[in-house]
Amino acid sequence: MVRGNISAIIIFCILYIQFLTFANHNQNPMNEIEKFNQYRGEMNEKILGANNKIIKRIFNLDTNTFAEGALDVKTKEMIGLACSMVLRCEDCIKYHLETVHKLGVNKEEVFEIFSIANLIGGTIVIPELRRAVEYWELLENQDQ
Amino acid sequence: MVRGNISAIIIFCILYIQFLTFANHNQNPMNEIEKFNQYRGEMNEKILGANNKIIKRIFNLDTNTFAEGALDVKTKEMIGLACSMVLRCEDCIKYHLETVHKLGVNKEEVFEIFSIANLIGGTIVIPELRRAVEYWELLENQDQ
Amino acid sequence: MVRGNISAIIIFCILYIQFLTFANHNQNPMNEIEKFNQYRGEMNEKILGANNKIIKRIFNLDTNTFAEGALDVKTKEMIGLACSMVLRCEDCIKYHLETVHKLGVNKEEVFEIFSIANLIGGTIVIPELRRAVEYWELLENQDQ
Amino acid sequence: MVRGNISAIIIFCILYIQFLTFANHNQNPMNEIEKFNQYRGEMNEKILGANNKIIKRIFNLDTNTFAEGALDVKTKEMIGLACSMVLRCEDCIKYHLETVHKLGVNKEEVFEIFSIANLIGGTIVIPELRRAVEYWELLENQDQ
Amino acid sequence: MVRGNISAIIIFCILYIQFLTFANHNQNPMNEIEKFNQYRGEMNEKILGANNKIIKRIFNLDTNTFAEGALDVKTKEMIGLACSMVLRCEDCIKYHLETVHKLGVNKEEVFEIFSIANLIGGTIVIPELRRAVEYWELLENQDQ
Amino acid sequence: MVRGNISAIIIFCILYIQFLTFANHNQNPMNEIEKFNQYRGEMNEKILGANNKIIKRIFNLDTNTFAEGALDVKTKEMIGLACSMVLRCEDCIKYHLETVHKLGVNKEEVFEIFSIANLIGGTIVIPELRRAVEYWELLENQDQ
């Protein structure tokens, strides 16, 4: 009888932990950023693995375009963020948000970039703004 | 022994209810509308909380633009819905669908707006049309 | 000698008038509207003349979509104008401007449509707004 | 006591299977394609069921446009895929990917279409490229 | 006196011919194609002359993307034409129209590409269709 | 007789100068910039004169958005230029080109902005690039 209940409790725990892990998958801030980058990484590998010369060079150009030049990296990344926003490219926004955050762009500066994008691109940019602000918060929480 | 099984059943129930609540989260019609509006509300608060003067004024303009004027609110909202559709702004479509539904625009009228948007914007608007029709149904179910 | 100068003056006049006619080609209000509609008409004829079944049916649909239905023609044309504006389709804007003008939409109403399009589509719509206001003026001048 | 544990194990199994079914919902390749097509089918039915003459004809035109003509179906579908990609219409991409896959377009050919779309449409097309490559893989796995 | 009038007539002629040359500048078919290509050539030279590594590589990629590969040049150019059309890039349309014309694509095939672009991109593509048909005619006239 | 020919010559000259002025209207660099700004100024006046509260506030916001803030004016204007370019808003590009030129952005920096816009927005941005480079040259010529 005791043996029966012990085994019951053990299975409970396994089952319960598994359930929570899955249930929390969408609430956990860290996971959102990790998941996004993991997916990007995995797919980029598959894309480059297909060995299409043109696509490989476009990916390569992407890296070079944002490298230090007559304009500094920070300025270029802020430009990239604004362009991604007016074009409503959600993944591009997340990517550039992460970079400008790493480069030390602060909340006030990011919101000025958002304001330019929203003025030029109109209110259809607002849904992207919401998701951008949500992602920016995750990036800030990650710092703590 | 009896005590052991009773506690077992109780934990089952708690666990089971928790699981179903989570599993159904995506099936429940009411929730879809609530979730959309809750997310919008929360994020808008955060956006306005950032105190960027420009963005605050754009949000403010948004309210004023659709206010009664030379054109009535209903006409303006129908125009807003059609514009959101040709620009394929899903959240904008949902928002305006909800407003025109509240303003008493009927299904036949909504589908004529959809038809104009699909003709002008082309078949790339059809995926938005599917989601719009799905959301419209949720709004109608909500009435019952 | 007199005869010589007279003939000179006559040729002057013919030449000068011809020159001015051409020079004013872009200032003359009537011409702008006429030219636009003439070009549309000629090209549509050539397009339909090519006998592509799909394109013919798209042109046919275009006519039917804006016909009286659950929504009246005026509302539909105003929706068409706003959609053309946020999509920055200059010829579409001119076409719908002419229709709403014929349907008796007044300047204040047209500007409210413009304001919705500019808010939703952003400041990139302003260049289209300038040309739309210019064309609206030509339509009003035409009335006098 | 034995009876108690047996009933416990049974409930475990039911609960556990149910949990896994739900948890795996997003991992199972087959499901992704099925789910996409099922949703499309259901919504199209509702859309056509609304009996809007214009929308019905647009859906009808969609079928005819990609029918054999001066250009063969395969070429037309490849054109449709590229256009969907530069316009970043995710559902349209999935739909045309499925069709070209059925028509025997191979991976190398599909990647050349992707490369054209990415060059013309720019790096904002890359997120769509990732999802397209993911979906293409599901279609290939489906064959085995 | 006679000398006076003769010189008058001579100056008239010079002036008149000069005037007509200018006035006809927009009617002459050959000129339209020549002017377009001359402008493209001159500006491309200036752009590449600025020695921006990224832009030079994008121009270089452009050439390679449409080279023979798993897909033949003709198919790639037809895809390029359709993409340019749904994106309403007028100069891109003209460029690809010229290439497909050189590659022997006939009028019926071109109109099927147009029909796909107009269905997918909607009626906002029609103004581009008009100009494309006009340019196609110039290309055909050039052959005679 | 002499008097007759003298008057003839005088009228020739007036007529000839007038003709050339008009004919050169499109070659003269100064004129292009002046014409653009004059048209913008005149139309903006008419737009604001229509007294639509929303549009007036959008125009007002436009000025405030690019004012010194957490980000300096130069950075904001470069962001505005890049956004205008990926959105292919020709007049917006010209306007921001003029501002960055006044703010001392040099050719190398401008071309790096162009390169970002062309990478993100794709080769459909190239026609805008051509016109931007042409306009940039006019601005530089204006300095001499």
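Residue numbering begins at 1 within each chain, and the chains themselves are lettered A, B, C, D, E and F in the order written.
The rule we apply is simple: contacts are C-beta pairs under 8 Å (C-beta built on N, C-alpha and C of every residue); 3 or more make two chains touch, one makes a residue touch a chain.
Computed from a predicted model, the values in this text were never measured in an experiment.
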Furthest chain, CA centroid comparison against chain C: A
Comparison of A-F and A-E (more C-beta pairs in contact): A-F
Chain located farthest away, centre of chain D as origin (C-alpha): F
Centre-to-centre distance between chain B and chain A (centres being mean Cα positions), rounded to whole Å: 24
In chain D, residues with contacts to at least two other chains: 1, 4, 8, 15, 19, 54, 58, 61-62, 65, 84, 86-87, 92, 108, 111-112, 115, 118-121, 123-124
Category of the chain touch graph - line, ring, star, complete, other: complete
Interface residues, chain F side, partner chain B - complex: 53-54, 57-58, 61, 64-65
Touching residues (chain side chain F, partner chain C) in the complex: 1, 4, 8, 11, 15, 18-19, 22, 39-40, 43-44, 46-47, 50, 52, 54-55, 58-59, 62, 84, 87, 89-92
Residues on chain B engaged by chain C in the complex (per definition of touch): 61-62, 65-66, 69-71, 75-76, 78-80, 82-84, 86-87, 92, 106, 108-109, 111-113, 115-117, 119-121
In the complex, chain C residues that touch chain A: 86, 118-125
In the complex with chain D, residue positions of chain B that touch it: 1, 4-5, 8, 12, 15-16, 19, 23, 88, 107-108, 111-112, 114-115, 118-119, 123-124, 126-127, 129-131, 133-134, 137
